[in-house]
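Chain nomenclature is as follows: A, B, C, D and E, assigned in order of appearance, with residue numbering initiated at 1 for each chain independently.
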């Protein structure tokens, strides 16, 4: 019997996760000593952690394979995952920036918020870099469990409770399917490693016709579809987004969705290229359903948070279009899109947070009547985010959509793209509706309660840059994304 | 002999799990679930995984179910006041039946990877010991996932604290 | 041998699914989800035995951990909800819709 | 030699600009009127010089193109701003500038004290400019510019009293009817240009070029179509059936306008155009038949209406329509020179008549105004016995009336008789000749009748004007009377330049100078007729003399009937009306043509427009657009209810999704 | 060559500088804001004049600038701009109309002046950019950029149903342009990558089926913008609700994007499809002419009437463009400019009376001539230009269009379209009569003031152009004709070549005589 051989513990491969976890634990300890009204400092500290982690992400870019791999093939911090990690860090950073203002206003600024965000981020990172189904699964669970808590973070608020509980029940339920899928895949290939699955499939030509393998793939796909909120696994999204504290909604719509895509892409594209025909046709259908359901239902939404929730479903649909294409451009498109989506969506939520009044969330579209009169700059910025969400140049949203759709066109999915653009056109309606109220209606409210909190403004400013710059000069980021693709 | 034993335990497992979803009183459901867990533990033993059987009993039946029962008691939940409407149940059953049907259907048509591909056989388990095998695997090959579980539990603890502690 | 276990776990999984669909009590729903997870565990261990590969059992170990963590958080959420609404019936978890 | 012809249209243009831009600040009527009239006088002078120059040249060097600059050039298509100076345009120049000048002078007096005096003169000058372009343009497009330009001025001047709804309506009607004609004209240009270019590689719209290649059209059927659509243009402009209805309404404009535009110049543009393109028409016998029939029918038809009108200007308007019909009759029988000749003489006497009527109206108006009476100053039933009050006007008016009635040796006789003779004798239309001649003769009879009815009702008999106003009637000032006299003289003697060959021979070899002068223009047609044996030579001189006599007799009969009915026995008209009430009502109401047009075109268009707007645009197209929107919104409204808020439903949807997906893949 | 480098970029982005300056201005100091916008647009206009003088009358793109812009994955987009005879005048038209538009809102817009001016200037950037783009991707970007400020202009400063009109405008246009984007990308992949250089795409030889679909996608986008019957219903709404300057720009320039798109993209890129769809488009164009005229006739709102007249005018343009011969296309292009000038002027005029009376219903007016003689004169001139009276600009374009259509394959369409000449006179003059003529009955109209100096200054350049283009269109035609020749060649050559392959040898002479295009190498 061989002795225990410890694997090469390559901390370089999990450096960002490590940093975040350590900072989170430090914050947990500090939390005891920081009085209630000064929890913001924890936020700043966590920002420091995020920035440091970001640097480690940057330094890991294009690192040699030896530095990327670690833990016996459990994790691989390649460019792909690094790009995603950057997205996670940006979304969590932005979410941290907008949290304190909101939490203080809502009187629930518990210090645990920031560690939880950081843990969630670490979980996302593990999802994106995990090359073992176990790593991916556990990363996903770290993320999910944190998010259940974050969604229900406003303990005293029934809606928040409800959001947390719904998210929890459905999340756990979907975990069942995901796990079953993993089990079947394991059964069909005899391994839980991504690379191993791919190798097994490559070796055994019959595997692609083996129902156990196919169904395993399908069940895993449904599990990930739940995470990225693809129809018909999207049902939790609107309720949870609406009920969760707004900063967390912003966070959830950007980071975890990207994480879902990261794992989704890695599993399907790296482990199961032999099933490409199957999954891309599945994704075709999912994409159409998701875009259509998201956009159509968003048309009649009055609550702006809920509207953005449906819109986020639709955006997942756009990403699925690129995913269905199954080519490098599609992946690069998703990378780019998730990045820009983080900026534009969190930016929009930041403004929603500013507009919200204690007790009255002011989340209805009507509450924005005349916003432009009182706050022209903020209204303009909100319009910018909405235009970006609608995919109108020269914003990042347009470039991203362009890239996604063109990848699908390259793969020959013309009808998919046509459905996509028609959806995109329909989506203009509800984005414009917000602008109609901001710009074209007379003010009802005075908006005098609005406190322009500097961190929130900073978040908005960063988001503006993140929306405009990639929209005007997308080259650099697109090239990075192109280098980060898996194939 | 083994088949017979399997059949009996499987029948108990299925029955108790049916009880889980049919009992009106949550406590009864919980107890039925514990029953199922025990059946599963039996299977684990039969499948040469005695360590898993042990933690199945300890963690699941012992910890998780206790927690659940505790919460049921804490919240003083009685039997469900109303039931889902019959046709909701019917439709759900049909869908669940389809889940079963499809699973069985494809299972019958599919082949698992080659038997005995790996090094672990009953004899190895007997000679080395299951716990050691698991432990080695966990501390070598699956070190990272194992570490992640620590994060996970930490998060769960924080979460539970945040959500239910009295004062902030 | 393997098929029996797989079929059995499929049956358990389906029962768990059905339970989630038809029960109104959130805790019972959660128990049903646990049942599903256990069915998957059975699959894993059966497959592990079949393949002669211990990975599946390790996976089950992690699943159990996850189940424990989820139980902690989930029950905490239920308690928080119950505090506000005096109910744990999913038909009352219905403030947000449409 | 003709380098300075561009001055001819330029002067009125300058006049237009000065009066149009600064007229309001100038205010001084004499200056404004002076500028207007002087501009035309200058044109007239240059035109005279041009005429002399032309005459001084040998007959076959009398056609000149004077290019100014390239206007439109696109691919093979080129249209220049360039002028064509030839005998035909010279004659038109003389008529237009000459009569135009007189009318300008007249207007100074007539329009005295009117609001917008400057506007009137600027419009008049603009009209002169356009008309001169029309006449002088050396290509179809430039002619079309003038063509539309005069239409515009006509519109502006008819609508001069814009505050009157009837004036606005009349102006619009005139413009639109003209546009209908222009539609034909445009199609004519297109088809001519396209056909010649496509088949012979000659891409041109220039008259001289076209004339050069006229024989290419020989015997081709499309020519009929081309000439017909041009003729549609002519009917619009020259108020022929069926597009004549605007002209009587055009009398809403000030009287000098009626004289200038709606009698002497613009309305003859159609005739001029056909004469200009005679080389095409002569080769299209079918078209010629149509032209002749339309002309004859219009002459007769308008004459019938003229007999029953009471408005002095309307009678003249219908008479104009009728006389234009004569001209077209002439064109239709290939007697281009005769048509142009009638055009000229008609310009003299009809201008005189209109101006005379204007003088009467002016006087009546003034008198009625003094008497605070609201009687209609233009209604002949309010007049009578005016000759004593306005002897000079009466005299000139009478001369012109005799001329139009066709009593020798006044101008109208020669021209009208020539046309009738040609209609009778030209073999172009075979047996239709007699019909054409008959229509012409009958129209002549009616013309003589209603013109003298007009004279008798206006100037003779007892004075029916409001007694209070009676004493305020007086002769017009010199500035008004002077043009009348000049025009009367022209009406009286103008015919002598075109003495028919027959009479000329009888007088000892006096040639028809007019026809000779126009030879270069109509040479092709004449040659064509000769080669095709279409020469009116087989009738004896006796027949011609007989017809000439007959036409005089007809005129005299017409005059006599008028005399009997309106001087001798005033009750006759009433009796007549009582006997044939239906007929009278029909004639009085202009045969209900306006109503017919309303029924046929105007109302359907309006209802169609309304239907398309409210029915199609709003309901169908917008309905579809908004419908798609509503469908989506409806879907949205329904779909959002799937989001029931119940966890088990959500779980159910997920499970169902899994089941369907898996089912699809394993049962595929 | 005395062509200034980077001139096009300077022209295009000067308004953007204006926007940035405006952003930092005090929003309450209206006159400064207006003045700044005015100055910026004027500078842009003056800067664009060297384009005319420096432009060589040949078919090539001139003032070309090319900077690599996006290079990622399979894509290579460049900032590649330049103008040829087709776009030259549209650029000038844009820079010319903008100061007028700014001036026209001097008093009409009192609220949110800063935002308004920003929108106007942004709009100018978008329009200019779209006209000068050679890179298709760049074109698309600018094409979409135009949408936003226009949306706000209609939606914020519009009339009662502004929201409906603005949203309808936006989504209507969006649907079309997104489908165009799909076609654009598809085309790009068909071309085998490289970049989005239009000139490269011109060289493609696509199979007819592909062309059909691509053409349809492009044509839909452009037809909505034009707008062609039956996609026109957004236009009356947008026009009616938009403030004066918005209507002016919309009519004068934005609509031209559609026809320009046809000439620049849809037709030369897809010759077979163009040939195939010519009857359809010509039919729609002709229906548009007649239909819009009939509908215009019964309108009660002056602005709506003018809007429908736009539809009719653009129908002429489409007819001419699809005649695919020098006269037709040149006429169409000229008609685009004419429509810009005269319909722009008409909207200004409607704006003037709206500012005075706050109503646009025809029945509320009548007899204004008496009270406002200068206004009446200008209105008359513009009306006449709009109905295509010879001597005004409207005529030259309309005539060439009809001539071209008649001469080309669209003979009967031209005949029917010509009857539109009658109808346009009917509705315009009827409207003019009801507004300006008749008795001055309404007491509210009896105190109206005539145009002031500013308003006359707005109209004066337009009037000058109306006559200048009517009397001396040669410079316009000369500069555009080589480019048009090339466009025709591109739109017919490949099609003819294909025809020749199919047609038996004996019939080859039937195909139009065309020469091969000058060799342009693929990058």
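For this structure, a couple of remarks:
Operating definition for what follows: a residue touches a chain if its C-beta (ideal position, glycine included) is under 8 Å from a C-beta of that chain, and two chains touch if they have at least 3 such contacts.
This structure is a prediction, so every number in the text was calculated from the model and none was measured.
When chain centres are set by their Cα atoms, the one at the greatest distance from chain D is B. Set against one another, A-D and B-D show the most C-beta pairs in contact at A-D.
In terms of Cα centroid distance from the overall Cα mean, chain E ranks first. A separation of 64 Å divides the Cα centre of chain C from that of chain E.
Per-chain CA centroids place chain B at a distance of 7 Å from chain C. One simple way to say how far apart two chains are is to compare their mean CA positions; for chain A and chain C this gives 25 Å.
Chain centres here are Cα means. That of chain A falls 30 Å from that of chain B. In chain C, 6, 13, 16-17, 20-24, 26, 29-30, 47, 50-51, 53, 55, 58, 62, 66, 69-70, 73, 76-78, 80, 90-91, 93-97 are the positions where the chain touches two or more neighbouring chains simultaneously.
Residues of chain B found to touch two or more other chains are 84, 88, 92, 95-96, 99, 102-103, 106-107, 109, 112-114, 117-118, 141-142, 145, 149, 152, 155-156, 159, 163-164.
Shown for chain E are the residues in touch with two or more other chains, namely 171.
Per the contact rule defined earlier, chains pair up in contact as A-B, A-C, A-D, A-E, B-C, B-D, C-D, D-E.
Within the complex formed with chain D, the residues of chain E that make contact are 168, 171-172, 230, 232-234, 236, 291, 294-299, 325-327, 330-331, 367, 369-370, 373, 377, 380, 384, 389-391, 395-396, 399-400, 402-403, 406-407, 411, 414-415, 418-419, 421-423, 425-426, 429-430, 433, 436-440, 471-474, 477-478, 481.
Remark: chain D residues 629, 632-633, 635-637, 639-640, 642-643, 645, 647, 649-651, 653-654, 656-658, 661-662, 665-666 touch chain A in the complex. By the touch criterion given at the top, residues 20, 24, 69-77, 81, 141, 144-145, 147-149, 152, 155-156, 159, 162-165, 167-169, 171-172, 175-176, 179-180, 182-183, 186-187, 189-191, 193-194, 197-198, 605-606, 608-610, 612-613, 616-617, 621-622, 625, 629 of chain D touch chain E in their complex.
By the touch rule above, chain E contacts chain A in their complex via residues 27, 69-75, 112, 115, 140-141, 144-145, 147-148, 151-152, 155-156, 162-163, 166-167, 170-171, 174-175, 178-179, 181-182, 185-186, 188-189. Residues of chain A touching chain E in their complex: 328-329, 332, 372-373, 376, 387, 392-394, 398-399, 402-403, 405-406, 409-410, 414, 417-418, 421-422, 424-426, 428-429, 432-433, 435-436, 439-440, 473-475, 478-479, 481-482.
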